[in-house]
Amino acid sequence: MSDLRVPFLGLEMAGPVVAASGTFGFGPEYQDIEDLRLLGGISGKGLTLAGQPGNRGERLLETPAGLMNSIGLQNPGVQHFIDHELPAMRALGTTVWANLGGHSIEDYCTGAAMLSGTAVDIIELNISCPNVKQGGLAYGVRAADAAEVVEKVRAVSTKPLVVKLSPQAESIADICKAVEGAGADAISLCNTFQACAVDIEKRRPVFDNIFAGLSGPAVRPIALRMVWQAVGAVNIPVVGLGGITTGADALQFIMAGATAVQVGTANFIDPTACVRITKEIAQWMDAHGVANLAEVRGCAR
Amino acid sequence: MNATSCNTAVLAQQRLQPDICRLTVAWAPSAGGHIPHAGQFFMLRAWPADQPPLLARPISVHDFDPATGALTFLYQIKGQGTTQLAALQPGDTLSLTGPCGNGFDAAALAAEVAGDALPPRKIAVVGGGIGVAPLLLLCRELAAAGVKPDLFAGYRDTPYALESFVGCCNQIYLATDSGVAGYHGLITGVLHPAQYARVLTCGPMVMMRGVYALCAEQNTPCLASLEGKMACGLGACLGCTCHTKIGPKTVCKEGPVFDAGEVFAE
Amino acid sequence: MSDLRVPFLGLEMAGPVVAASGTFGFGPEYQDIEDLRLLGGISGKGLTLAGQPGNRGERLLETPAGLMNSIGLQNPGVQHFIDHELPAMRALGTTVWANLGGHSIEDYCTGAAMLSGTAVDIIELNISCPNVKQGGLAYGVRAADAAEVVEKVRAVSTKPLVVKLSPQAESIADICKAVEGAGADAISLCNTFQACAVDIEKRRPVFDNIFAGLSGPAVRPIALRMVWQAVGAVNIPVVGLGGITTGADALQFIMAGATAVQVGTANFIDPTACVRITKEIAQWMDAHGVANLAEVRGCAR
Amino acid sequence: MNATSCNTAVLAQQRLQPDICRLTVAWAPSAGGHIPHAGQFFMLRAWPADQPPLLARPISVHDFDPATGALTFLYQIKGQGTTQLAALQPGDTLSLTGPCGNGFDAAALAAEVAGDALPPRKIAVVGGGIGVAPLLLLCRELAAAGVKPDLFAGYRDTPYALESFVGCCNQIYLATDSGVAGYHGLITGVLHPAQYARVLTCGPMVMMRGVYALCAEQNTPCLASLEGKMACGLGACLGCTCHTKIGPKTVCKEGPVFDAGEVFAE
C-alpha cells in the first residue's frame, strides 16, 4: 500500500491534496460529504483584518472549462475567524491553513500576528487576489513589492508562512526568488487568472469590477508551467494548483516538482473531489509500485 | 451541513410540457442521505466532469416520499444543464448533492399559525411559473402539520403540475397571463394577504417583490425562496451571496428561504 | 442589412474576422471550404528569414477546452514565401498579412524590408512565439525590448505594421504603449499562453521544449482582459484574439474596443469557423439594428 | 486542396467487434464534395463545438460507392472521439471535412506494374490491425485498374472486415499474433517482397518498419500510409509534420502515403 503522507514545514500532512482557499468555506461545509482526515489540509476562505461583505453584482460565470469569480474576499475578519470558525476547522482532523489577504502591509502584519497566537498550522499569505482593488494583488506583481510584504509579515509571524502567488506576476522566477529571500517557508501557486467577460446583450462587462478571476481546468496547463518555473527557481517547497480535477492532473504537478497540490474549482464539479483525487493518486502509486510520492516528485524535470 | 453527495438512479422522467419535466430519482436516507424538507434543494449533475456546463445545477425538492425514497424534481428546460437533465432515462445515473439549504420549517410555521390569538389562522402559498416546484412538498408538510394552506399559482400560459396539489391544499387559486385558465392577470390580483397569517412564496423576483409589497401593506409576515447562481450549494464559495438588510447571506446555506422583508424592503 | 466592412490601416477589410497566423496555412488550404472573400484577411504562417523545419517530438496536445502546440515556427523562409506562397495568397480576394518572427533584430529588419517590396498588405510582427528558443518571445516580455525591435523594423518597413503581443508580457499596458510609441500602426493580441504538460506514464514533459503554447476557448476570458487593457492603453487599433469560436465571442472583443478579431484554434473545431463567425456577427447586428460595427465598438467600456 | 466541409447523415453503423465499428455516411459529390480515393481520409466530428475532444478525428476512407455516395469508415474505439463516433445512429448527423491528403494513386501504380519489363507484375497490400481500414478501397481501385493485389492482413486476435476484400484481391494471407486464425505470428513472416513489384502498407509503425526492412532487402518499392496527431487535416497547422529524408512533410496533406524509404530509412 502506498504511503500518501507528505512532510511539510514540520507538519505531517495525511495526503498531498489540500483544499484551496475560497472553494471550501472553512471546511465543515464538506464534513458530511467526504472524509476530511484524508486531506493534506484545508485552506480557509481568504481573510482580511476587518472582514468585508464582498462584491456586488455578478459573482460567478462559467467559461469553457473554467469558472470566473468575483467574490471580492467576502469574509468575517480575522478576529471573528479566530473566535468562531477556527475551533470547528481545527476539529476536522486535518491541517488548518489560514489564508490571509490584506489592504496594506500593516493589515497583513496585524492579521498574521493575530493568527500566530492561535491553533492554525500555516499562514497562507494571499498576495494575489485579483478581485478587490486592494486584495493583495498590488503586492503580487512586482518581486520587490512581494518581498517587502513577506519580509514584514515574516518578522511578526511565528507560523510557517506559505506565500500564494499570482499568475499576474511580472516574472514567476523572480517573484519566487524574492519571496524565498524574504523568508517565505513555501510557495503556493497559482491564484486565479485575471480575466474579463462582456455581456453582449447588456453591452457591458459581466462583473461590476470589469475583471474577475479565472480558475478551473482551462488554466491548468498554464498553472503547471508556472509551477515548473517556481520549482526551478527556489529551494523551498512549492504547492501547485490551478485546474486540478483528477489524480493524473495532480501527478503532473508533483512530477513537475510540487510538494503538494491544492484543489479548488474541482470541488464544485464534484464535491468529493479532494478525496477522490487523493484516492486516484494512491491507485496510480499502487499500480506503478510507487511507495511514496518522494519517488516521483520532480521526476519529469 | 447535512448535505451528502452520491450517484443515484433515475426512476422516472416525465415531460409535462415541451419545456417542463418531472424527474424522480432514488434517494436513500438509509445510506446516509438526510431527509429532504420543503424549500431545500439538491445540486444535480448528469454529465461527465469534463463536459459543460462546469457546475452542477440547483433544483428544489418538489416531492419526497420517505417510505420509498422517491425524490422528485419539477424543472424547466432553460439551457445546457437542464437540457441534459431532461435527457435522462430511467436507469441512468446522476450525481446528487443535498439536501442543501434552509427550507421552510413547515412544522414551526403551522404551530405558530395555529397558536395565533386571532384569525386568520391560514397560510397562503404563492408560486409563479416553475416557482411552484418547491411548493408541493411545502403544502404536504403544512397539511401534515395541521394547516392545509391555500395555494395561489400563477402561470404565463397553460398550468402544469397542479393536480398534485389537490389533496394537500385547502383552496387553489389560479391565474394566467394569457387568460387560458383561471384569473386573467397576475396572481397578485387575487391574493389578499390580510386574510392570511403567513404568506410563503417562490417565483420570479418581480412576482415575489409584488407579493411582498402586498404583504407589507397588511403587515402579513412573508417568507420568500430566492435563487442565485451557485457553484457549491454548500455555503463554501460565497458565489450566491445576496445582500440583505441583515448583511450578506448565502442563498444556498442561509437561504434559500428568507424573511421577505430582509431581502426586498428598501 | 448590416455593413460588415472594417476600415483598417488604410485598407478596407470585408469583415471583422481575420484568420490567425499558424492556423490557416497561407490560405489556399481553406479555399474550397469557405468563401475567403468574406474574411477581413488572412495572417499567414509565421515566417522567419531563413525558414526552419520546426520542432521535433510532439507538436499538439488537447487540453480542457484548449490546444497546446509546439510547432516551432516551421516555415519556408521569407524569400520562399514571396516567390511561392504569396502569389496564391494574394489571389484569394482578401487582405494578406505576413506574420514575421525572428531570431534577432537584424533578421526582423531584413525580413520586413524584403516583405515591404511585395504585395503583402500588412506585416504582423510576431514578437511572441513561445515555441522556439529565439521565436521572438525574447522581445515580447519587456516593454523596452519590444520598443527596440518595433522601432528598428518600423524604420525599414513601408507596410502597415501590426505588432502581435504575448500574454507573457510583464505588463500589457506598458508594452502596448511602448510599441505604439515605437511606431506600431496597430496591435494584435494575444499569441499563445506559455503552458506545460507532463506525460505521467513517461514521467517527462509531453513536449521536447518542456513548454508549449496554449490557445483556444480555455484562454478566451484572459485574452479578452488583455485586449481590454490594450484598448485602454493606446490610441492605435487593437485586433483581439484568443479562443474566439462564435460570433458572440467576437462581439465581446469588439465591445471591449477591438477593431477586428482573429480566429485561430476555432478553425480546427470547425473549418468553416471564420465565415460562420462572420455570419453570426451579421445576424446579431441585423437582429439588434446595428448597421455598422462602429456603433458597438468599445460600447462595453 | 479539394477538401470540403459539411454536415452529413449517418446511413448505417455496425459493431464488428467490441471495439471495431463500421460507419457509413452520405457523401454527395454532386453537392460539391470531391470523390474520395484510396488512402485519403476525412476529419470526423460528431459532437458539439463546446464539447471534448477539441479536435475532429482523422479516419481513412474504407470504402466509397460513387453510385450511391455511401462513404464507409472502419474504425477502432480508442478514446473519447471514437467512442462518440460509435454512438452515432442512422439518421444522426456528423461533420465531415475531406477527402484529405494524398492517398495511393492506384491507377498509376497498376499502370507502372503492368508496364514493368519483367515479372513479378504483382502488388502486395499489407495491413496490420485497424491499418486494414484504408486497404479495401485500395484493393478495389487496383483491381479496377487491372491489377488484383494480394492482401496480407495481420491481426492481434480475431480478424475483422476481411470478407469485403474477397472479390477485389487475388490471394488473402492472414496472420494473427494469437494464432486464432491463419499464420501464427507476425504478417512479415509470410510476406516475401521479392515476389512483388510494389508493396503498399498501412498499420502500426513497428509493423510498417518491418515491412519496409523486408522490402529494402529486396529493393522492392514500398509505400506506407502514416498517422500523426492532426488538428486541421488540411496542411494548415503543421501539427502533423513528420521529419523525412526529404525534409519536413505534413502527413495530412503531403501524405499520409509516403515512399517508405523516405520516412523509415536511417
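Brief remarks follow.
Order as written gives the chain letters A, B, C and D; numbering starts at 1 within each chain.
The criterion applied here is as follows: contacts are C-beta pairs under 8 Å (C-beta built on N, C-alpha and C of every residue); 3 or more make two chains touch, one makes a residue touch a chain.
Small disclaimer: the values here were computed from a predicted structure and weren't measured.
Without chain A, contacts among the remaining chains keep them together as one piece.
Distance between chain centres (mean CA atoms), chain A to chain C: 33 Å.
With centres taken as mean Cα positions, chain D sits 35 Å from chain C.
With each centre defined as the average position of its C-alpha atoms, the distance from chain B to chain C rounds to 49 Å.
For chain A, the set of residues that touch two or more other chains comprises 63-66, 216-217. For chain B, residues touching at least two other chains, in rising order: 50, 52. Taken pairwise by the contact criterion, the protein chains form one closed cycle in which every chain touches exactly two others.
Contact between chains, using the touch rule, shows up for A-B, A-C, B-D, C-D. Within the complex formed with chain C, the residues of chain A that make contact are 63-66, 68, 170-171, 193-200, 203-205, 210-211, 214, 216-222, 224-225, 228, 243, 248, 251-252, 255-256, 284, 296, 299-300. Interface of chain A with chain B (complex): residues 22-25, 28-34, 45, 53-54, 56, 58-60, 62-67, 69, 71, 74, 216-217, 245, 265, 267-272. Residues of chain D touching chain C in their complex: 1-5, 43, 45, 49-50, 52-56, 95, 97, 229-232, 234-241, 243, 247-248, 253.
Those residues of chain D that touch chain B in the complex are listed here as 50-52.
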